[in-house]
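Take a look at the structure set out below.
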């Protein structure tokens, strides 16, 4: 965090909120309810945190009108419809910005590359032939920008990122440290027991407002391009194989893997560690819970899941034994047979009574 | 892609194919059936793409004789027995090659290192004591080659790769960006509630024609070496623990993890996200489907799988409830008891009839 | 391995063991029983390796008194209570140490940074404003140490590591190549179908004696810090999300992912590829077997597991069909109904006999 101070009224104005209490209250930071001091601003967005809010030392709280009514403990508030969104907006006020501009003397830039005047190119960055870096874009130390890569404006490319395969990056894109975009897809033609490498001739196209975490691998396409549409957000350690197409505003959590040529629609959410097989089509508005295993197309929007969840080890061992028997137990038949035998027994009993 | 042009006849010759149609047709690239233009070459290898091929704008098609007979739409062909293999071979013709040779002035190379005259050592590469880099090998910017590492000829080591632990690399090996080979294995001796680090004294041996993707971690052995045999191909974000041994021409897809001291045979295929426990032996010619969980040796060649697949979230929740009951339901008994009771009922019924 | 020689008696002394046999025996290395030569020392810690030990060419063996009594093949021993621990200690004797100290001329260090005299700062390392690097700490080539990062003494930071987000690192911490610590957490406020980035204002705090493998991603907190307590050990390719808290001496194997704000207790062991959902609490002394899926709090110490294990593909396909039926089969009822019908049948039979 930087260490400027901000007045409550000014912060309220930034989120179009109502300032309640001491308008000129000086605030130095945003903090959690638990750790906030009298110089911090905190937020409450749901009732379950009310008690914590009551006990919080925060100098001021971002709340809804409803929540404010239930908080006797504090005098200073920013009242908004959506406290979480207001909080998100204010994090940018307190964020320490990278202000350097220009090109560090140690950067290696090919004469044919076009770098905006107000971009920042860090130490030891290598930029190849015919690259383009847009206005106000920051490229941190050691980044490798190979020939033919183009990066839009207001982007953030962190240290040790490798952009290759003539990747094209839109505006306001953030790519975190040690991520690789445009590396060769995993394409091999098997012949006589050996793997014959297929040189990958496609590229990667990244839209605007895309976010990619650290240590991700996003491969270039075999012939056509791998595509991330506008607004896609990706967490850390995610694998995006060649020719995958991710639709607008889809979110992919950490350690997911998407295999080659799969298309994922718009506004999807993949929780952590999901695996999606290759050459599939997932429609828009699909949510996958954590560790989901996708081996078929998904044509209906909705939430899908996989996995048996967690069991105590001893119960798990017995469960696995049963699972190995399951293939040979016609479960649906079992119920039918039970019903059938039940009726047989009843008929016997009734006949029986008759003849008494 | 580079922008040379090639004549159809010449390309046919390269794949020992029959050139049908305009022998001097100029082609600028390889493309998918969907996006090919009249200056592009495309390929068809199975019937299901015939309609797409008919409608393709491709200037020429790589096909089998059988497929050609069914294609009225095109006049120019390269006819081969295996179009996919021919395509794989031709990708190398259209691939843009890295032609630089020599050592960039910014590279730091220990005087004892032996670098072939015709190798390329990129900007900011660091090469340590007693390293060897073979003929025609390319090492891109920022790669870190620690003391005692040896790399053969015709290799490609991409940006930000770390080779340490005195790793030995064969010929024609490709290691993609940000991968780490030879880092310390995860070995600790527990004693009195603490973890005592075991310094790893083994190394990594990589055969010829091995391919390793981006962001992989391949650890050095504890005492003996971690070994990848000739022709092994590995995708991105793969973990190979200390003392693992991977047999010839085995393929490992993205985000797989192989735990310590496990041996995997020749010609195996691990689809994405498989997990293999430690100290196991997997025989030759084993295929694991995606997300397979291997906790025992595999002694028979064949295909193996794990995972319940994907369910709609509501059904999944009910399924998990049943799975938690499964441990206490003797499934095989159920069927036996049903059969037994059925026969009891029938005997009653028959007796019954008798006494009418 | 370095190539000094050591006398058996001296090595025995280092592990407070009893030297049996030729006290001045010169040993050049530690090796596995299988590959040891007459100049190597090997260890045996369990009976099952006795035969291998008998046949080993090792010049000397680290053993317990019990094991020694069973080994007629060798004359030279180091006798200890815990051979594996003794081996762990001796690996450090044979490990090749990095002896360079000082700052390479190519490193870029901000004038406000405080670097200990006896630290090593490798080639092309970039160290930002107000950073601190402690005594005897080694930072290898290309590491990126961003503004405000503090590193204690006797640490090892390998090549291409990125330390950002004002991360604070304790003493004797080892962070392996290409790992990223302090990168931005995956925090976004959804609003009107878009993801609004939440700038991450927290940091990462790493205790003493922590070990982090290669290609890991450990994110900074949103407001409070992400915390790894003393003695935590982490393997490769592990994801630790923002605001996770890992307790003392907990071990996390490769490719695990821990989602945001989850707390894991002390002395836990997570085997490879486990996934832990966000906002959970896992108590102390919990062991998770490989590929465990954790979606609820764990309040009892013990061992827990997930996953159906591996099946031959054909059986697996049939099993998955049954699993899809399972939701609608009331397993516990089935057993009750079977018992009930059995008793009905028996009563019929008995009545029946009566009336003969």
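Chains here go by letter, A, B and C, matching the order in which they are written, and residues are numbered from 1 within each.
Throughout what follows, contacts are C-beta pairs under 8 Å (C-beta built on N, C-alpha and C of every residue); 3 or more make two chains touch, one makes a residue touch a chain.
Remember, it's a predicted structure, so these values are computed and weren't measured experimentally.
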Category of the chain touch graph - line, ring, star, complete, other: complete
Copy-to-copy rotation for chain A and chain B - C-alpha atoms, rounded to a multiple of 5°: 120
Homomeric contact chain B-chain C: same or different residue positions, threshold half: different
Between chain C and chain B, distance of the C-alpha-averaged centres to the nearest whole Å: 25
Per-residue overlap in chain C, given as positions that touch at least 2 other chains: 124, 142, 160, 178, 215, 237, 255, 307-309, 311, 316, 323, 326, 328-329, 334, 338, 341, 345, 348
Residues of chain C defined as touching chain B within the complex: 1, 29-32, 34-35, 82, 84-85, 87-89, 91-92, 94-96, 104, 106, 122-124, 140-142, 158-160, 174, 176-178, 209, 211, 213-215, 231, 233, 235-237, 249, 251, 253-255, 267, 271-273, 290-291, 307-313, 316-317, 320, 323-324, 326-329, 331-332, 334-335, 338, 341-342, 345, 348-349, 352
List of chain A residues in touch with chain B within their complex: 108, 124, 126, 142, 144, 146-147, 160, 162, 164, 178-180, 183-184, 186-189, 191, 193-201, 215-217, 219, 222-224, 237, 239, 241, 255, 257, 259, 275, 277, 288-289, 292-296, 298, 302-309, 311, 315, 318-319, 322-323, 325-326, 328-329, 334, 337-338, 341, 344-345, 348, 351
